[in-house]
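Per-chain numbering from 1; labels A, B and C assigned in written order.
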Amino acid sequence: MAMKLNPNKNVPELEGVGTSEQIMDQFGEEESYLHMIARRFFKHKLAFAGLIVFSLIVLIAALAPIITPHDPNKIFNEFEAAPSANHLLGTDPVGRDVMSRLIYGAQVSISVGVGAVAIYVAIGIVLGLIAGYCGKWVDMVIMRLTDVFMSFPYFMVILVLVSIIGPSLFNITIVIGLLGWPAIARLVRGSVLSIKEMDYVKAGVALGYSTPKILFQHILPNALAPILVNATFGVASAIIMEASLSFLGMGVRPPAASWGNMLTQAESITVLSSQPWLWIPPGLMILLAVLSVNFIGDGLRDAIESQNAK
Amino acid sequence: MPPLEQETPLLQVKNLKKYYPIKKGIISKTVGHVKAVDDVSFDIYPGETMGLVGESGCGKSTTGRSLVRLEDPTAGQVIFQGKDLASISHREMRKLRTDLQIIFQDPYSSLNPRKRIGDLLAEPLIAHKLATRSEADQKVNEILEIVGLSKQYKNRYPHEFSGGQRQRIGIARALMLHPKLIICDEPVSALDVSIQAQVLNLLKDLQKELHLTYVFIAHGLGAVKYISDRITVMYLGKVMELATTKEIFEHPKHPYTEILLNAYPIPNPHMRGRDQIVVDGDVPSPANPPKGCVFHTRCPFAKDICREKIPVLSGKDHLVACHFPLESVNV
Amino acid sequence: MLHYIIRRLLIAIPVLFGVTVLNFFIINLAPGNPVDMMVNPSATPEQLAMTKHALGLDQPVWVQYFNWLGQLIHGNLGFSYQTREPVTQILMSHIGPTLLLMGVSLVVGYLIAIPLGILCARKQNSWIDYLVTGFSFFGISVPHFFLGLGVIYVFASKLLMFPTGSMNTLGGDGGLIDTVNHLVLPVLVLSTGIAGNMVRYVRSSMLDVLGKDYLRTAKAKGLSQFIITNKHALRNSLIPIITVIGIDIPLLIGGAIVTEQVFQWPGLGLLTIQSITSRDYSTLMAINLLAAVTVLFANLLTDILYAVADPRIRYD
């Protein structure tokens, strides 16, 4: 509706228009599209490093019960103890082992990040495909709905909703998942609009394929690259979102451990200034997790865009 | 192979129209129409090749795509096996699609870049439940051999092939469902000249072997002359002339046909002597076609009547839509 | 052009309508009735019952929605559950500090990002480019609250350069210098995020433009590098950046909530958190609606600015 710079959109026949596929001819014989993206991705040093760090965090989250030195909810006699051999990062004001809580916090960040994004990517893909492919009033309705959802400042509305329905790991995942789809829907719609004019989609129609088959097997795989990039950055933002909500007391609530709620204690100026081991490690973990995901997203984007631009 | 009088047509096009609305203003009011195809009628007989010729923008591709309902016609009928393709349900249309196929102009955009050739070709059979996976695989081997490609290519992706090879794959895909009629939408115009002949020969051989009927769309007369039995000449969404290839080339009646022929290097030295009609001006916009005969703005013989009255497509075997057909001028 | 602007405005109307529907729906999830909030809680029970009936609380939900909308149009945002003040009044008293914080952060963020982005594009792949890229990744990745706590730890708690929070010194006489002093750290936090995001857009947009033929022409004509960069390239590369401002506004609102909480900055963000804690849903909904309308108009303005700045846009 808004701005269209795509010159091919309404042209029924593409008369000798060069496509990106043409350019792909110059590459090696046996290399598929995915291989090419992967090769470019791994050449991107930061992205590769990001992937390693993120994999490590996932591994830590998965192995948390095995690798934690203590039960994260066990209360020791030493409150606010400084780091020692027994408690590598000390204990919190309640007397729980900070190191163990830090390790369990990884589970929260990863599950919100991946879970919420999986939900909204699925919603966004379906709505975007329908809007782009059906066009007309269906497109109009879905796009206006997208505008409505995009008008709400994302974090604000999530905060308000979670505070009403009650803060919990499950609820924030669902709420982020149900509200995050508009960007994906717009992206998918845009891709569909250009892909559906491609002759291979027309060929699918002429061959009598069903609409779902055309949408999911012929259009979607060709629109996947930008979705993947967007979803990756989405994981980063969902991790920040969860941490912020938990920090404000509207996310994962104690006694359950989350990196965000571990930082809440630092709102007390004494903890902030004299017990940095309580709040710097979880803060750094959030930063590390988000940075690694952003590096991955950046690498993916470069790998995909340089393929389209060359 | 001119059609016999008593033969029933495989496909009939009756008064086909395709208008695209032009929208303007704040509430997207329709302020006019682009008449891409405006009242086109012709019959196609089994086993023949009908050439569809005209400059770009004349509506030949839209006509071709309407025949397989890639475009929904604004008005008119496309009758195939007693059914009007323009009005049947999508479900019914899907079944009929096994008999009607299309080959596209651009071999680069017509193959899904994410699918291996083997899957691309087996897909139609499996989607219509005409074969199991292994049967389809067998059929893919056969078809690849028929179009002159090695069956080892099955595991490759489209980008690993040249334009000519891709067009062969496009042809193979259209053949998978054993169609009766294939619309060839400028199938060779994106290819190198040396490759064009190979692909044209392949199409010709396939027609003989598989008893196919073609609608062959092209913007010039070169390839069309080689492959077509009859030729329909279109200009600004309308049929100007329709006759056998021989008639079109030897006795063109419409000034526009003559111009197209002049644009094509004529191998016959006897023909070269004729006075060449020179055309000037551009093709008028199909959104605002000229009144009367649509060609009058560029026609060297245009008279007053041409500016007012639309000529009717008439004649017995050689149809022409002109108030002053060429023979009456020249003879 | 004018048609495009009018069209865009007309499209905004159903969206605005949708925004109120969604907001009403969210209110309905909360305990208590949204129309309830319209009634002054300090009224006597008789008055209460009468107003409730007049507001149609016994009517179907959609009627209630239109009643609520009607009140909204007349500027009645309801009454606070907590303080019993009209919500409009509460909002007005908190909006100033937030606008100050956001406005200064936006300006500071862009003033940092635009020159840095240009510099990076001019010296692509130099050490300064890598350094700025690193800063930009840090800016978009660091959570506001962690950065906020970090700067308080360093600059307020250890170096004692700035106050740890609030907008004015308690018991002080206020004054501009005092406010600026309090403003430095929260602005530092918010503008880091804005600049981190913006610098990448400026860099890539500038790189894009620098590769264009008309800039080679400018160079071939013998124009100085300064004029080329700042006159020809900058103007064209800033056009796509307009859209980033549209993206920044909702991010800024989210960031402001957290930042105001960390620094106890007495704006709408802090009010949000307070309303959540005290379950003051009428205030909460009013803030939410205000924020949504702000974002809607920011998007509208972005689209129109973009169309004005780039004559190549098709207005259909």
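Methods note: contacts are C-beta pairs under 8 Å (C-beta built on N, C-alpha and C of every residue); 3 or more make two chains touch, one makes a residue touch a chain.
Note that this is a predicted model, so its numbers are computed, not measured.
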Seminar exercise, completed: Ranked by contact pairs, first place goes to A-C
Exercise. Which chain has its C-alpha centre farthest away from the C-alpha centre of chain A?
Worked result: B
Problem set entry | Inter-chain centre distance, chain B versus chain C - centres from mean C-alpha coordinates, in Å | 56
Exercise. Just how far, in Å, is the C-alpha centre of chain B from the one of chain A?
Worked result: 48
Seminar exercise, completed: Expressed in whole Å, how far the mean CA point of chain A lies from that of chain C is 22
Seminar exercise, completed: Going by residue number, chain C touches two or more other chains at 316
Problem set entry | chain A-facing residues of chain C, complex | 8, 11, 14-15, 18-19, 21-22, 26, 29-30, 137-138, 140-146, 149-150, 152-153, 157-158, 164, 249-251, 253-255, 257-258, 261-262, 272-273, 276-277, 281, 284-285, 287-288, 291-296, 299, 303, 306-307, 312-314, 316
Seminar exercise, completed: The answer for chain A against chain C in the complex is residues 1-5, 144-145, 147-157, 159-161, 163-165, 236, 240, 243-244, 247-250, 260, 263, 266-267, 269, 272-273, 276, 279, 283, 286-287, 290-291, 294-295, 298
Problem set entry | Partner chain B, residues of chain A touching it in the complex | 12-19, 21-22, 24-25, 27, 29-30, 32-33, 198-200, 202-210, 213, 218, 221-222
Seminar exercise, completed: Note: in the complex, chain B contacts chain A through residues 36, 56, 61-62, 65, 68, 70-71, 93-95, 97-98, 100-102, 104-106, 108-114, 123-124, 127-128, 156-160, 162, 170, 173, 177, 185, 189-190
